[in-house]
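Worksheet: the structure to be examined is printed underneath.
Naming follows writing order (A, B, C, D and E), and every chain is counted from residue 1.
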């Protein structure tokens, strides 16, 4: 359990990249990118976890309770926004590419070579 | 074993229930996938409610509240795109029996107050959502 | 107002401008949105220049340190984000802002606006781009750097795909977006590892905390991951594949920014992070970093030059020349000496002006002839003498002709590199000659109609250069700003080499930049660092000779290519290399992973 | 005991996340992938709650299991003109025409 | 490159990267450890500024510049999507046919709409107290509006969603964040400094500028996500290519339509 969360994060990242490499559909590729990104959330929060700690939100607990790291949570929030926006932009590009090029298969995109 | 442990153990049950649901979502028929998605939201909400009590943090219930709003809406969106909304006894059964089985003890444990109102709202939303999305359309399988 | 207080304004003012343009852009006439955009870009440019003048002038010390939100350190510890302007960072922010103003002036009345409802959107995006790049140059916090890195990226993807009526910009933007986002996530993983080890996010704080113990696999992994993200932005081999695809198809004003500064910011990021975080005893040993960057830089320079020579799509040719020059910049940084950094800084400065001017000239061709294809345009642009002269001067400057800034930067960087390895100056000369020669070849063919009409090469894949003009229709008369801006940019590049103050400032900037201890003291202890005395920089004699040599070589190569075309095509050799640039996103991602492995292999020997 | 139980919850959620991520990559059809991605979002939200990060869980829930899959579905709907027509149009049909005219090559 | 070559290349690289990452994981502090210096300082700083949600304090006070960058990324992405998904000259817009929705779903959707809006606003408003905040709540509010699409159809959604005000709202949210930061400069403090009185711990008005920035973000996110989804919906439902392809009318494959047929 001492390294399991970190290794899971690494697995998610590599599996997402594997999907990107082997993808036959650009929409699927964008989804794989989102998967690869979720590894960063997992790693961030795993790093910030403290055994026996609770959320650093003191609306219903006293401020002297042992808490987990709030900084990584703030970073993860930022990261999630980044991920969603990148996904949105890339999907917008895919939509237009399909219109202009008639395909969402990366193997069929052939006009930028050499 | 303390009461908190009991709640966490109870929360483990819906969590483990998600494992076969994932299998269905990944490898089932289109209709099955939709049912599984619906079920996943319901089970996750129950796990969130129970563990919030287990962690002694009523504030965590907000996550379940948001899920109880977004979950059924998501299922309906999928139904719209996939063109199927199959009925499911399992979902209906969990909405009718599982949700009260979790929410009522939780209400007893929290006692009257704002937290209890929130729990009841979540329970009502989950039940309503579960019932609406599990009713199925009468002309199932016609056209495509 | 003190200097430090100005730093957040450099970032905030363009953001405000973008918000104003989005809220009011549809109602306002085109001229007003353009004027507003220029004003909102020029104000931070003035601020950045002011900051640069103050930190470089030495009156108030060489560092301006601003704790955003007033969260100052207490006992060396804090919770806030710090913005730091040393002469190099401030100089880059100033360069970014000035170039943005130039680009907005260039595109004044130039773009066909998207049909309706979106007035001001292009200008707003450029302003957001400016904020992202300035923020990246000024931040002293690693996570904050990631945020600005992503901001730059997101805006750049949208700008690259701006012309949705064509399929190539969309394809290029998609490759750009996927590869760069993946790089960004690598960087974030690295940041997380560093946070786990040190519990800090500020560059200076992490560096100090790392030095407490010997380096291990974690530090190496963090370095590899962070460097991967930054090298993707810098388009180093083998992370470079996205760049030609994106730069060749982006709207011309955007190309000017992408090639002129954004890519160089990646190099800056690598250097900044290395010096502030990993340069101490707890980081990556100097010989390892030198080896890694030298290998990657050399590969990048050679591959970029080779591919540049083989292009007929002129924008793509310029894009590959950016790859080649990035390789030289990396080499200049790799030797880890103050002289290397200051030489590279001058080189970047000169290159930004020259490359932006060249792209500007190509924009004129594109809008007049609806093509940027060297073969198709053969002999057609003789009617544009001014553009032709500017383009030729740009080519000469690119090949390192003294007294242009590129020549001075190249001379100083290759001198510094030569002290690390004797063969490096040859690399600088070769790459400058080939890239400059390629540009001169285009100038000869397109503007002078020299030699015989070129034939298509038959050695594998090729991208031709038909495209749609970016103006409403084909230009009859070239608007004044489209010529004035390239001319001004070239004049700027010239002044970098001529004005002694610029070189002296760069020399000091280099010494400050490589003084990790001084940086930490200024940021963490608030100790004013004594500004090093300014040393007058002279053109080294060998540098002048080598600059003239590379220019002569470039001219000879171009002449040879135009009048004796058969002699220069080592076609069988280049075909496999060209086939690597396949336009396939899966390939690019696979190469990214290989690049990480390469980086690991090159730096792993530092571990015990 | 509570600590151990939390660890168990975290471990189960982690394995669920890893499995969902793998399934999301292996499901090559975008519509199926969208469903798995929303499950991934859900399991990440659970994991984050168990890691005592309800704020992040809320974000992940809103983004990962609602907005992102919705955008993917809308993209698929735009991209697929007829039900079951997942691949590119055969023989340069329909909406490849403009691109083909511009770039002088058929879509495939 | 052939698919097999590509995969081989990836696997070779990935093996090295996996090994490197595993070594790094073994060097990390064990999961759940107690060493979080920055986190501990952040919690103390949050309590000092009377913000009971330490994450909100980090986001909107201590590291407010990160959040400004984050909101700007969202702002840029929405602007980028608007530009990329614009209707080009060769495309026409058509009005989707109204969709028939089964009564229970319609009732459920209409009932949920106010509930979801209320939940979203609640999450925004309590950002500095309990889990939640401008971003999370904003997304819920934006998603809630789209319940109308489920309950009725696209036309009903368009009636409550004239895009222009949302676009302006988004820009105003972004500007409000910057201006709050600049106001602190005018007040003689640093950019984005928390210059307002901190209020009483754990009440709605506590935290100084935190609730203000939180509200600005909530507004920007809600409007931004609405605009973003609208671009995709427009493409999927309304905009047609020159050849008549690229979209179908609203919900012919939906359950309601089939029922009627």
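Just so it is clear, contacts are C-beta pairs under 8 Å (C-beta built on N, C-alpha and C of every residue); 3 or more make two chains touch, one makes a residue touch a chain.
Here's who's who by UniProt: A = Dehydrogenase.
Since we're looking at a predicted model, the values are computed, not measured.
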Other chains in touch with both chain A (Dehydrogenase) and chain E: B, C, D
More contacts between chains, A-C or B-E: A-C
Most distant chain from chain C by Cα centroid: B
Chain with minimal offset from the mean of all protein Cα atoms: A
Mean-CA-position distance for chain C and chain B (Å): 51
Chain centre separation (chain C, chain E; CA means) in Å: 31
Inter-chain centre distance, chain D versus chain E - centres from mean C-alpha coordinates, in Å: 17
Whole-Å gap between the CA centroids of chain A (Dehydrogenase) and chain B: 25
Multi-chain contact sites of chain B, meaning residues that touch two or more partners: 55, 57, 59-60, 62-63, 66, 70, 73, 77, 81-83, 144
Per-residue multi-chain contacts in chain A (Dehydrogenase), two or more chains: 1, 4-5, 13, 17-18, 21-23, 30, 39, 46-49, 51, 54-55, 57, 59-60, 67-68, 71-73, 75, 77-78, 81-82, 84-86, 88-89, 91, 93-96, 99-101, 110-111
Contacts with two or more other chains, residues of chain E listed in rising order: 3, 6-7, 10, 14, 17, 21, 24, 26, 28, 32, 36, 38-39, 42, 53, 55, 58, 63, 66, 69-70, 73, 76-77, 80-81, 84-85, 90, 123, 130-132, 135-136, 140, 143, 146, 228, 232, 235, 241, 246, 253
Residue ranges of chain B touching chain E (in the complex, touch as defined): 59-60, 62-63, 65-66, 69-70, 72-73, 76-77, 79-85, 125, 128-129, 132, 135, 137-139, 142-144
Chain E-touching residues of chain A (Dehydrogenase), taken from the complex the two chains share: 1-7, 10, 13-14, 17-18, 21-22, 46-51, 55-60, 63, 67-75, 77-78, 81-82, 84-86, 88-89, 91-93, 95-96, 99
Interface residues, chain E side, partner chain A (Dehydrogenase) - complex: 3, 6-7, 10, 14, 17-18, 21-22, 24-26, 28, 30-34, 36, 38-39, 42-43, 46-47, 52-55, 57-59, 63, 66-67, 69-71, 73-74, 76-78, 80-81, 84-85, 126, 129-131, 135, 201-202, 228, 231-232, 235, 241, 246
Touch list for chain E against partner chain B, complex: 102, 104-105, 108-109, 111-112, 115-116, 119, 123, 130-132, 136, 140, 143-144, 146-147, 149-150, 251, 253-255, 258-259, 261
In the complex, chain A (Dehydrogenase) residues that touch chain C: 9, 13, 17, 20-23, 26, 29-30, 33, 36-37, 39-40, 43-44, 47, 71-72, 75, 78-79, 82, 85-86, 89-90, 93-94, 96-97, 100-101, 106-107, 109-114
